[in-house]
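Take a look at the structures listed below.
Here chain A shows up in two complexes: once beside chain B, once beside chain C.
Up next is the complex of A and B:
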C-alpha cells in the first residue's frame, strides 16, 4: 500500500538522521573501544594481535584492583551521603512546602545540578580552607572551632561530589514521595501505626523507586569521576577513573585504557541489571 | 503537624540550600577581591575581570565554546524535534528499541563515552578538534532534547493535525501551521537546554580537544591545575551565571516540576 510506504518513509526521514548521528558518535565508538581492549597495541601505532592481557592485567595487578575498590567505595559513600541529606529534603519539599513556594524551592535545589560542574568543584577549593572567607568567619565567631582545612584529602572529594549529585537525588526522591497519596499515611495512623511504622511500612517502600533511581544516577557517574578527585583530592586523587584518564592523556596505552573502561562499564551494567527488576516491580505495583 | 515541626523542616531545607549555594557565592565574592593570593581582609576591585579581557587564550576559548554551543543547539534541536515528532505521531515496530537507544549517552559515564569517541575518531581519521567536540556534544544533547519535546507533545494529541489534514492542508502546511506552533515552547526549552549542556560540558571536550585549540571548560581546568588565581574566579563567575540564567529560562518554559 502506498500509504504504508509513505508512512515508513516519513518515519525513516524523521528519525534516521538522529540515529545515524548516535551510531557514529556513541555506538560505533563503544564497539571500537571493545575491539581495542583485546589488542596488544593500538592499530594506529603497530600491528595488533588479539590478546586478553589487558583484562588479565586488571585482575592480577594490585594497583587496578585496589583503585577499582576505592572507586566503588567512593561511589557508595557519596550515594549514601546524598540519600541521607537528600531524602529528608525531598520529603520536606513534597509534604511541608506548598504551592508556588514549592515550585521555587524545587528550582533552587535543582538549579546547581545543571550548572557547570567543573566551576562548582573549583568553588570548594575556596571554602575548604581555614584562610578563606568561611574559615575566617567561623573562627571569628567561634574561636575554638575545629579546622575546616580538608583540601587535598578524601573527605574533600566526598564533599565536592555530594554537592554535585545531591540535587539529582532530591529530585528523584521528590518525584516518588510526591506521588504517594497522603490518605495512605492517615489510614495507617488511624489504624494505630506509630510514625516509625508509617515510615517503614508505607512511605519508604512506596518511595523506593525514587531512592534507587537517585542512587543509580549518583553511583554510576561518581564511579567514572576523575576531575573532582584531581582538583580536590591531592594525593588521595587516584581512583579507577583517573587511572583510565591517565592511559589516554599521559601513558597513551589505549588498549589498556579501553579494557579498564569496559571493566567499569561491565560493573555499571551489572548494577543496572541487578536493580532494574526492583524498580520495575515497584513502578508496576504503584500503577496497579 | 505541629508548628514547631514545620519550622524545623523548613530550616532543614534552608541548610541544604546553604550547602548548595555558599561555595558558589564565596567563589564569586573572591573574584572581586583585589589580592592576587586571595588574602583577606576583602578589598573590592574588578581588576580580575579586566585581566580577562586581555587574556587572548581565554577569549579564544570562550569564543569557541559559544560557537560550539550555538551549532550544537541548532543541530541537536532540529534532529531531536524530528525524532520526537516520529515517536509522537507514529507507532511502528522497534519504536521501544529506538527509545532505548537514547539511553547510552545518558547512563554511561562520560569518561567512557569520551574515551570511546577519542579512540573511534582517531582511528577513522576524524581526529580531534572542534568538529569532533561538536559531534560529541550533539550526541549528548539529543536524548535530552527528545525527552523535553516529547513531554510537550504529550500535552496535546494529534487531533489538531488530523483536523487540519482533513480540511485539505498538505503535510508541510500541517507541520508549519499546526504542529510547529504547538510544539514551540518545548522546542525553545529544549534549545536552551542543549546550549547549556554544550556550554558546561567538560569531560567529552577534554578528551577531544587537541593541543593548541581549546574551549572554555578545558581552559579553566588547565588553569586550575596550574594553580589558583582570582582570574579563574572571574571567568567561573561569568560561566556559572550564564548557565544558571539559561536553566531558569528553561524551567520557566517547560514547567519541569510536573505540577501543571
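Up next is the complex of A and C:
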C-alpha cells in the first residue's frame, strides 16, 4: 500500500511540472485561440459574438484553399528532399562511420539547431544569388558559369526549409537504422538477397518508424511555415502560414487567423488518420 | 555436392594474423567442427567460407570451383547465426520463405517448401508467429530451417547452440545431428565448447592463433593429441617432460626430470627431450611401490564430482590429476600419499615442448 502511494507521489512530482508547464503554455493559449476562432472579433478589441464565419471564409474564398494546397505541396516537397538527403546520410552515420568521427559528424548535423532560425534564413539570401559571396567567387573563377540566382523563388524556399528540417530526418532515421542488427543484413545476403533486395526487404521496412517520425516532424511545421517563404520566396512567398501570420501581425484579425490555424491542425489530424493503419502495421512488427 | 577446400588461406588485420595459411579439406556430407578459444580465427574462417571475409591470399574452393570472387548471395550457402538473426518484421513463414522469395520462386513452391521445413523442425502451427513470440529453442529451429530452405550445398553454423541453456542445448545437439544426417548436407560449425565439438562432429579442426593445430575425428584427437595445446583444449591432460633413454620390446623408455622412469608405446629417438601426455582418467590409483609408470607424491586436494573423485597431486612442479572412479573402495585424502600408474599405451608423445 505505502509503496504504491509513494510510487504515485513520485510519479506526480516527476511528471507533474512538465505537464503543468505544457498546460499553462500550450493547451491554455490553444484553447483560448480555439475560442477566439468562433468569435466575430477578438475580446481584446471589441464585443464578440459567436460565429462560424471564419471557417466559412476558409472554405469559400479561393485564396485560402489554393494556398492551403500550396502549403501542402511545400510540406510534401521539403519532406521528400529531407528524406532524399537525410536517409543516406543517416545510413552512413549509423553503419559506416565509427566512434569519435561519428560523434563529430552527428554534431555537424545538429549544428543548424543551434543557430538562430532568422539568421540562418537571412544567410541564405547571400548564398542563393549571383551577387553573393559564392556567386561572385564562382563567376570570378569561371566567367561563363550558369547563374545560381534562385533568390525570391519557390526553389529558394525549398533550400531554406530543407536546411532547417534536415537534422530531424537525419536523427530519426539514424536512430532507427542504428537499431537494426547488422547480422540481419548478413543473414539476408547469405539467403541469396542482392543489395537492392536487402534494402527493400530488410533495411527499409525496419527503418520505416524513423522515416515516418522524421516525415511527421518535417511535414507538419513546414506546412505552417511563414518565415522562410517570406524571406526567401519573393513573389512565391504566399502560403497558408504567411496568410495566418498576416491575420495576426498585419490585419489584426485574430479570430480569422485562429480559425485558419485550426483548419490546418484539422488537416494534419486527417492526414494522420489516413496513414495510421499503414504506420501501425509497420511499427508493430519492428518494435520487438 | 558440397565439398569445401581451403588452400593456404591467410587473412591479416593490421599486425594480427587472423588466419595463417589455413589448409583444410571438408568432404561432402561431413559434419565438421572448428574448435578453439576466442580469437583463434575460427569465426573468421567461417566468414571467409561464407564470403563476408575476403582472404588476403590462398584459395577457397567449393565442389572444386574457386569461390573467392563469388559474392555471398551467389555462394549457395546456408548460414545460421549465434543470435539467429531472424527478421523481426516477418513471421516464421516469411522468414523461412525469404531465400526462395528473393530467388523469385513461384508462390506455390515457396508455400510447399515452408510447410516441409516447419515439419522438419517440428514447428507446425507456428507459421504465423513473429520471432519475438517464440522461445529461444523455437527461434533456433526457425534459424536452422531458414538456413536449409534453399537446399544450400554447405551449411555454416556459428556457435549454433551457444545461446541456449544446458538442457535445451543437449536436446538440440541430438536434433541438429539427426537433421544433418537425414539431409546429408555438408556442415561446418564453429564452437568454443569442446563437448559440443566432440558430440556433433565427424571431424574437428582445433585452431589456435589463426592456425590449424590438429585435424581428426573427435576420438582420434582425444586419444592422440598432437600438441600440448590440443591435449589441454580438448579434455584435460597430465604432462611430463623427460629424456628418451632407449627403445626396447616395443616400448620407449623415458627418464623424467625427477629420475622416475616411464614407458610409452610411442616411438622417439634416444637422447631426445620429449613431453608426454596422459589423460587423468587413464591414470589409476596404485599400490605404493617402485617400477616404471608409477608416480608417487602427496594429494594436494581432492574434488568430489559424484561419479568420481579427482585427486590433485604435485609432481615435477606441475599439478597432475588422477580421475578415480567412486566404486566404494578407499581413496586417498588430501595430505595422504598417492601412487598413480598408467598403461604405456595411454602415454602420448607430443610434438612440441610443454610450456
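Everything that follows uses one rule, which is that the second predicted complex is superposed on the first by the 246 of 288 C-alpha atoms of A that agree within 3 Å, B and C clash if a C-alpha of one lies under 4 Å from a C-alpha of the other, contacts with A are read in each partner's own complex, and residues count from 1 in each chain.
The rule we apply is simple: a residue touches a chain if its C-beta (ideal position, glycine included) is under 8 Å from a C-beta of that chain, and two chains touch if they have at least 3 such contacts.
In this text the structure is predicted, and so the values were computed from the model without any measurement.
Colleague: Counting only touches as set out at the top, which of chain B and chain C does A:161 meet: first, second, both, neither?
Modeller: Neither chain B nor chain C is touched by A:161.
Colleague: First (chain B), second (chain C), both or neither: which does A:237 touch?
Modeller: The answer is neither, since A:237 touches no partner chain.
Colleague: Using the superposition on chain A described above, determine whether A:43 touches chain B (first), chain C (second), both, or neither.
Modeller: The first partner, chain B, only.
Colleague: If you count the residues of chain A that each partner touches, which comes out higher, chain B or chain C?
Modeller: Touched residues of chain A are more numerous for B.
Colleague: Based on the superposed arrangement, let me know which partner A:115 touches: chain B (first), chain C (second), both, or neither?
Modeller: It touches chain B, and chain C stays clear.
Colleague: Return first, second, both or neither, reflecting whether A:188 touches chain B, chain C, both chains, or no partner chain.
Modeller: A:188 sits against chain C, while chain B stays out of touch.
Colleague: Is A:201 touching the first partner chain B, the second partner chain C, both, or neither of them?
Modeller: Second partner only.
Colleague: Taking the superposition as given, does A:169 touch the first partner, chain B, the second, chain C, both, or neither?
Modeller: neither
Colleague: Within their complex, state which residues of chain C touch chain A.
Modeller: 50, 52, 71-75, 77-79, 81, 83, 85-90, 98-99, 102-103, 130-132, 146-147, 149-150, 156
Colleague: Taking the touch rule as given, give the residues of chain A at its contact with chain B in the complex, in rising order.
Modeller: For chain A paired with chain B, touching residues are 7-8, 10-11, 13-15, 17-19, 21-22, 24-30, 32-33, 36, 43-44, 85-86, 88-89, 92-93, 96-97, 102-103, 105-112, 114-120, 122-127, 131-134, 136, 163, 166-167, 170, 175, 220-221, 223-227, 230-231, 241, 244-245, 248-249, 254, 257-258, 261, 264-265, 268, 272.
Colleague: Which bits of chain A are touching chain C when the two form their complex?
Modeller: So the residues of chain A touching chain C come out as 181, 183-184, 186-194, 197, 201-202, 205-206, 282, 285-286, 288.
Colleague: Quick check: in the complex, which residue numbers of chain B touch chain A?
Modeller: The contact residues of chain B facing chain A are 1, 6, 9-10, 12-13, 16-17, 19-24, 26-27, 29-30, 38, 40, 42, 79-80, 82-83, 85-87, 90, 92, 98, 101-102, 104-105, 107-113, 115-123, 135-136, 138-139, 142, 146, 171, 196, 199-200, 202-203, 206-207, 217, 220-221, 224-225, 228, 232-233, 236, 239-240, 243-244, 247-248, 250-251, 256-259.
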